[in-house]
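What follows is a pair of complexes built around subunit A, which joins subunit B in one and subunit C in the other.
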Partner chain A sequence: MTKFVATIFTVSTLLWSTLSVAQSGDTDGPNANILRWASGTYAYTTLSDPRDRGWERFHMNVYADGSRTMNMWHDLKARSAQFTVIHRVEANFRPIETFVPYWVANGFKGSTLIRIDGDTLTASASGPAGQHDQTIPVPDVFSVGTHPVSADGWHLWSDNGESGVDQSSKIYSMEASADVTKPPLGTVRDLAFKRIGEETITVPAGTFDTIHYDLSGSQVWITKEDRLMVRMINERFDRDYVLTEFDNENYGEAR
Partner chain B sequence: MKILTSLCLLSFSLQTAWAADNVNITRWAKGTIEYRSLSTGEVSGSEDWHMTVHPDGSRTMAARNRLDQAGFQRHVTYRVAENFRPLEVTSVYWVKGEWRGTGLFSITGNQLDAFVKTPDGLIRQSRTVPENFSMIPHPLSTNAWNSWYYDKAKGGPQTVTVYDMDAGAQAVSSMLGKVYDQTIAFIGEEEMTTPAGTFTVDHWRVEDIVDLYVTGPDALMVRFQWIPADRDYVLTSLETGS
Partner chain C sequence: MIYRIFALAVLLGGFGSFGAQADNANIVRTATGEYSYINQDTDEIVGHENWSLLIDRDGSRTFTIAQRWDERDYVTRTILRLDANLRPIETYQTRWDDKGWASSGVYTVVENTVTAVVTGRGGRATQTLEVPEAFSMVPHPLTTDGLHFWYVDAPVGETIKGTVYNIRKRDELSGGVLGVVHTVDLTFLGEDSLTTEAGTFDTKHFKMGEDSDFWIDARDGVLVRLSYGPEGTRYDLTAYERSD
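And now, the complex of A and B:
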């Protein structure tokens, strides 16, 4: 018996600490960290044909402090790009940190960890181009563009609520070209947008109460509370990104 | 015109190229693992993972788990080489409603560099690691990748080395890992049925305590049983593609 207990102790403390902690701290009820979550799938097509260009999955958690984490995985087969993203933002959608491993048409482009502390953004990229570190100032109102569309509604968090008025923000947009000699670091650019108004739209995933924006020439419809992308189209470039599946828990009136 | 035209659609400026298939995705798999009590079947949490195999044979596992009763929630992106040797891990840990840290662990040759941000500040760690080792960032799906250099021809109990992060993230430095050895044995090949389907699995036993059932060339976790602790982790859904 002593030997058995000792063995359990060894395993619990060293080998499977996840499980031992889980046992000692069990509580009843839902997960204390997650207020609500949503997940979904997008289809990427051309507007005109429509031809299949790829697809994307996301899962978003909203935490007890109001912050959000978006996991995104996309297969942009039209460009042979595949990005896996963890993107965290504060309750007001200001970025906290982002991690992206990028695969592009010419192979692995690199992994980048981006952190925001106050008005400083620090990024560290490693890949075929070597190790590159970047520290730049960022404004209070800005977002991080990682290229999957799920979190593109988060670029609009500074919306003042006025419809039909030109507004602007800033975006730290990631280098994501097929050139693997360029590390996946970003630059801060201007971002123009205009709130069109509230609209209810139906997509393959269901019917959603949305806010419609013109986002730098793209028409986007996003949910209200969590600013999740429901649809994005760009006629000039013949692009359509549409939510085809949606699942959620404790989502309340956000949908 | 300073408007950002490329926004988040890199394809906007690159319309001409077209590919029938994504050359960066050799295949992918997506699954859910349910965390249960062995004795009662009560569900205490779950894990969702998505694994991508790339053209160089490397794999990316994006896993997210939640232990509801314990109050844990984690995001992990774990990249391994074709032979399953770790390349890098990013992990975000939440415990009982509080963010406990985000870590990036990069392996270059025999050097492991960890950079962890916690509520108490930044932590850095550099240490050497052996050629044969693996990492335990704690979603169960990643535990299936720990036996990649086990010698099946030799068989029997063999030692493997792991870099194990503290799953509970209890202290300031706790997201940093500890390196230690485990004893693992290959029990044999078996057939196993779970709600996700019927699989031919490799049955592994760790420290004579934990039984792992792993399937296929991508070493996907089908079942993880820790009988003395009354824990059962079962693959309940699986989807694959290429």
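And now, the complex of A and C:
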């Protein structure tokens, strides 16, 4: 009876506790939904100077069903761009859902919710360009490109494991130019890549066992299990994206 | 051709060259923080949250929040956007409960309505509710609980009726979580200096209802501490960093 009264009281007063108390009870032990997590920070620089172009942070959860969620937010000051993204994928990295508010050099560009239901992608964008809805077919093997780099390793989920062989995938690539009259919707394009091989690399965040790819002209090194970006360089465009901080300690220890 | 596609898809900013690097014109300042949910009887940490705040050039704010309440097997990921007054603009949230993934939704404010488009285990649902000019949104991460008092301008000790859009109503068919609009009693109790693991803060102390005490760093509506007596849990800001 005491517990019941407490529950009702909570529902009527403390907003925070409402949903949790009403919809689920306490359990023992660690959070059953979270298998593991990781967070980190990237530095954006030029390769030649090197000049600071911005930063990006991420926080990823891997859930009990194998699905993953990536929070990404960046300050691309070289373009006065600021993107915030929550991106959900299945256990095999096929996209489930993405939400993105975009700020570009000319101001707020808009927010877009993208959902994938089987072979159909629906996107709904709202912003200075108005409300725009999109429904398009998507193949089984594809990814969603939102432009922060944290999840760019997830474009490579269809890798067949053969090194030195040209491979291809599809990407739903978001419009992200400074033109705010263009809504932040995407188009499906080809994406070529090649697996170079396994390499251990050291970056400011530490030493990582990675898989090295050529991703359409850029060199990328990603972790194996969660396909997290460790480093991406593109010599032609003079770009370097490197992991400078990384944390995946057990919950309760540090984060 | 493929090279150009890559630039569009992955390497934003891949064209052109740049001179000396100026700050991002869209970002006025940033902040990050963390909360611990603490059992007041045992001092055990039973949940955790970390967040990032970006203040944009028009004064609007974007919170990005990762929350886990291990005691409840509860997880949320949230983006909350607010205008310069801290009135909500839109919220995206995806959440897990003790049965796994539960719901995702976007809750968009257009003048005096909030439209929710949600997906749950059973499908999709939409809902539009009216809200007053002065209201706050309750997606349930602690980070958002510093944002309920932006319009409170009452003298110390006087209780006013506030309004919240509370994301808590489970839609029976879709299983998605819709909103409920209801009133709450809000009382300003004065200004306190409060120290947590994150530092010492000049806070405004508010009460919601009878037993919920909120201490807010009013500069950005950052919750420093929430104490809820009957439940025996204290929610403390344990890390905080501002770019200025």
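Rule of thumb we're sticking to: the second predicted complex is superposed on the first by the 226 of 255 C-alpha atoms of A that agree within 3 Å, B and C clash if a C-alpha of one lies under 4 Å from a C-alpha of the other, contacts with A are read in each partner's own complex, and residues count from 1 in each chain.
Convention: a residue touches a chain if its C-beta (ideal position, glycine included) is under 8 Å from a C-beta of that chain, and two chains touch if they have at least 3 such contacts.
Keep in mind the model is a prediction, meaning the values are calculated, not measured.
*Asks:* With both structures lined up on subunit A, is it a clash or a fit for subunit B and subunit C?
*Replies:* Result for subunit B and subunit C: clash.
*Asks:* Just checking: does A:I116 make contact with subunit B only, subunit C only, both, or neither of them? Give me first, second, both or neither.
*Replies:* It touches nothing on subunit B or subunit C.
*Asks:* Check whether A:D190 is in contact with subunit B, with subunit C, with both or with neither, and answer first, second, both or neither.
*Replies:* both
*Asks:* Scan A:A43 for contacts with subunit B and subunit C and give back first, second, both or neither.
*Replies:* neither
*Asks:* Going by the contact rule set out at the top, does A:I222 touch subunit B (first), subunit C (second), both, or neither?
*Replies:* A:I222 contacts neither subunit B nor subunit C.
*Asks:* Both subunit B and subunit C touch subunit A; at which residues?
*Replies:* 10, 12, 14-20, 22-23, 25-27, 29-34, 53-54, 57, 59, 61, 63-65, 67, 69, 71, 73, 75-82, 84, 86, 88, 97, 99, 101, 103-105, 107-108, 111, 113, 115, 124, 126, 145, 147, 149, 152, 155, 171, 173, 176, 189-192, 215-218, 234, 237-239
*Asks:* Which residues of subunit C touch subunit A in the complex?
*Replies:* Contact set of subunit C toward subunit A: 2-3, 5-15, 17-18, 21-27, 30, 34, 45, 48, 50, 52, 54, 56-58, 60, 62, 64, 66, 68-75, 77-79, 81, 90, 92, 94, 96-98, 100-101, 104, 106, 108, 117, 119, 138, 140, 142, 145, 148, 164, 166-168, 170, 177, 184, 208-212, 226, 228, 230-231, 235.
*Asks:* Across the complex, what residues on subunit B touch subunit A?
*Replies:* 2-12, 14-15, 17-25, 28, 30, 44-45, 48, 50, 52, 54-56, 58, 60, 62, 64, 66-73, 75, 77, 79, 88, 90, 92, 94-99, 102, 104, 106, 115, 117, 138, 164, 166-168, 170, 178, 180, 182, 206-210, 226, 228-229, 231
*Asks:* Under the touch definition given earlier, write down the residues of subunit A that touch subunit C in their complex.
*Replies:* For this pair, the touching residues of subunit A are 6, 9-10, 12-20, 22-27, 29-34, 39, 46, 51-54, 57, 59, 61, 63-65, 67, 69, 71, 73, 75-82, 84, 86, 88, 97, 99, 101, 103-105, 107-108, 111, 113, 115, 124, 126, 145, 147, 149, 152, 155, 171, 173, 176, 189-192, 215-218, 234, 236-239, 251-252, 255.
*Asks:* Along subunit A, where are the residues that touch subunit B in the complex?
*Replies:* Subunit A reaches subunit B through residues 4, 7-8, 10-12, 14-23, 25-34, 53-54, 57, 59, 61, 63-65, 67, 69, 71, 73, 75-82, 84, 86, 88, 97, 99, 101, 103-105, 107-108, 111, 113, 115, 124, 126, 145-149, 152, 155, 171, 173, 176-178, 189-192, 215-218, 234, 237-239.
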